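Below you will find the structure I want to go over with you.
Order of writing sets the labels: A, B, C and D. Residues in every chain begin at 1.
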Amino acid sequence: MLDKNGIARRIAKEIKDGYYVNLGIGIPTLVANYIPDGVNVVLQSENGLLGMGPFPFEGEEDPDMINAGKQTITTLPGSSIFDSAMSFGMIRSQKIDLTILGAMEVSENGDIANWKIPGKMVKGMGGAMDLVASAKNIIVAMQHINKAGESKLLPKCSLPLTGVNCIRKVVTELAVLDILPEGGFRLIERAPGVSVDFIKQSTSGKLFAEADVKEMDLN
Amino acid sequence: MINKRVADADEAIRDIIDGQTIMLGGFGLCGIPEKCIAALVKKGVKELTCISNNAGVDDFGIGLLLKTRQVKKMVSSYVGENAEFERQLLSGELEVELIPQGTLATRCMAAGYGMPVIYTPAGVGTEVAEGKEVRNFNGKDYLMEYAFDADFAIVKAWKGDTAGNLVFRSTSRNFNPVMAMAGKITIAEVEELVEPGELDPDHIHTPGVYVHRIFQGSDYEKRIEQRTVRPRN
Amino acid sequence: MLDKNGIARRIAKEIKDGYYVNLGIGIPTLVANYIPDGVNVVLQSENGLLGMGPFPFEGEEDPDMINAGKQTITTLPGSSIFDSAMSFGMIRSQKIDLTILGAMEVSENGDIANWKIPGKMVKGMGGAMDLVASAKNIIVAMQHINKAGESKLLPKCSLPLTGVNCIRKVVTELAVLDILPEGGFRLIERAPGVSVDFIKQSTSGKLFAEADVKEMDLN
Amino acid sequence: MINKRVADADEAIRDIIDGQTIMLGGFGLCGIPEKCIAALVKKGVKELTCISNNAGVDDFGIGLLLKTRQVKKMVSSYVGENAEFERQLLSGELEVELIPQGTLATRCMAAGYGMPVIYTPAGVGTEVAEGKEVRNFNGKDYLMEYAFDADFAIVKAWKGDTAGNLVFRSTSRNFNPVMAMAGKITIAEVEELVEPGELDPDHIHTPGVYVHRIFQGSDYEKRIEQRTVRPRN
């Protein structure tokens, strides 16, 4: 079973040289730590920045330079700044090669819910609805099961949706799964030490799994 | 050139009245019009509809207007980090319309570019789509969203000149240029106000035609919401 | 009867302090020469410039700095440069206070034709259709009658239209006329030495004229 | 950063083939991609549809591609000043679609901003409106116009870096930034190509994400179409 860093490490392997990538808050942010040397990627932050760098050294924080999580950050050589309309313009026109974001629920037809829990304070969708509706390539980083052991990979989402029929790949603490165009999760890889049977038990949506599914290579 | 200079924030916001709709630039606490917010608190104007990506924190940004109960409605994409906001929302004192961040930005741009509506796929199939026209282009569904119609836009720039030209710094640009284009009256506060000719025409982000009033603020606090650093080694 | 410079001089009196103005090619360009001292105006050129200045001194021409007529020009302090989308964005959103352009024909309901003569080489509408469709305040500078003595202020345009129901004021070599919201030209001023009767004869569209119409003051 | 540098114009346009649609930046002869036009003439690619505000003059700009009969169709707002153009048009050898200048610019922006259509009042009630959807918003009629769909966009900038970031100079900016956003593949030629980090991130007009190939041209002619001067005294 993977921890958060394990999920991030596995997702990092999906990033190809030359990609422009948007990383959501939470586990997706950790992905930046595992991008292999020699793979050139440019990180977009939807508040208006391409070429996001690491956090600043203490004492060098600039209140005018933050990311979409409102964290102080730095830029790399070759970065560019733009306004919010252009930022979402490039998202809508699919100039961003890969979007990685978290989810509370994903359904077997690629719906995603990650912004609202009825009865709880709703903070808003931020840029998530724009990202899932527009991105050509989205990877969801999420927990496969909640603390009660219930699956979050469902036949149909129970929570209010963020986007419909838009997710094609999910990485959880248990597995890597594709979502098939015709519907259903397809098990691609299992986490180290996790059995196919356990993944089957933990997936309430339709699951397609070969008897022999390879274990993830995290290196 | 046409001189847009006013003395200060009080003069800039003098004619904003109860019940109006105002846009406020900024993302989180980054690039917010601190001086005009303070002047609005001082003036005590009420029942405002505020279009702004976020709602500030308890004791800074739009949070200051919430604390004094001057806001009737917030139109935002994300409103966390504010306990008083949550209290007012749950008690029904405050109305909130949540819209996707890209839709928020593009509805501003539509107003500035004279486009009555724009189409975006954001929110299709979700509760955001309720009551909206859905239209298919090239096999994909889009929502029709209207240009904003705001009485005032209030933005914060790094530098400006008395002709109203604005230059922004780093990610404090965010919503400011698109809101500057979208207000019936646009007010800009800047850290440094210079004479026409001192800004390079090629580097101006917001042409002066969009700005009606401009003044230089002082002692900007520019509070940091999430101070994240890495160790030196 | 006015010459071209006379028409430009009369139109210049319509420009108020603080106006952003777009000047078309031909007579409208001449208007810039007659803007009174103390009246601050900013000239927009729709190829992407606010704050257009005079022609450069010989030897100081910059091929990268032209106006919408493709003439080498200069900028004034406080000018700004922007792309074509923003330029027409500010035109559509009515940030330009006054547009002055030429016409081949204008009709009594405010239609304008100025871009195409059937049978002749058509060069295109350039920005004229955008300007007439969007501007809140348009003044047309044109000849009242053609060389054959025929009126160009018509009940209905005979040439392909540039815009419909958009013109409210016309300045010709003979007169200043408003176009009434309910239709028809209203004679406001006559050119020096031109009689109301001659203007009536020269206007084929519906004309409303008092018996006593004041002569233009060109100073 | 991702390195977008190619050796020269020939390499940049290597895969443009007969019958494709290309956008070319520039207004008149100002800010046109001289080097790529020369390379297209040399390559001899034919049956092109060219989206460009103007069509050059007889012996410069797109006029060079017209002279060699490489253009099937021009999509422009104004095409005067070109005798060969006129000859081909009147003889039926060349197809021309004239569209309002603002519509041309905004259809480029729509492509770059992922908006399938935009609404503009330009052309309502004229022959430009024929066959198009007319829709009334707030009492005013607008035409629905589609985003462009171009195989290549070719633009000219003043400076650029190898990450594809572009900076334009004076009014040679014009259509270049909106076309840069609109091509499936965007090629930029620049007068000066620098390393990442040499351009100020706040002053970049076109972010590198929009640019796929970039090279430095040399010996720009930058011809002036209407040389107008005033006397010194």
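As a working rule, contacts are C-beta pairs under 8 Å (C-beta built on N, C-alpha and C of every residue); 3 or more make two chains touch, one makes a residue touch a chain.
Values in this document were obtained by computation on a predicted structure and should not be read as measured data.
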Joint neighbours of subunit D and subunit B, given as chain labels: A, C
Longest centre-to-centre distance from subunit C, chain (CA-based): A
Comparison of A-B and A-D by number of C-beta pairs in contact, larger one: A-B
Euclidean distance of C-alpha centroids - subunit C vs subunit D, Å: 29
Mean-CA-position distance for subunit C and subunit A (Å): 56
Mean-CA-position distance for subunit D and subunit A (Å): 37
For subunit C, residues that touch 2 or more chains besides their own: 49, 81-82, 85, 88-89, 91-92, 134
Junction residues of subunit B - those touching two or more other chains: 106, 113-115, 120, 168-170, 173, 201-202
Every chain pair meeting the contact rule: A-B, A-D, B-C, B-D, C-D
Residues of subunit A defined as touching subunit D within the complex: 18, 20, 40-42, 44, 49-51, 75-82, 85-86, 88-96, 134
Subunit B to subunit C touching residues, read off their complex: 1-3, 111-115, 161-163, 165, 181, 195-197, 201-202, 204, 207-210
Subunit C-touching residues of subunit D, taken from the complex the two chains share: 27-31, 53, 76-80, 86, 89-90, 98, 100-106, 108-109, 120-128, 158, 168-178, 205, 222-232
Complex interface listing, subunit A residues touching subunit B: 45-49, 54-73, 81-85, 87-89, 91-92, 111, 121-130, 133-134, 160-165
Interface residues, subunit D side, partner subunit B - complex: 106, 113-120, 137-138, 140, 142, 167-170, 173, 201-203
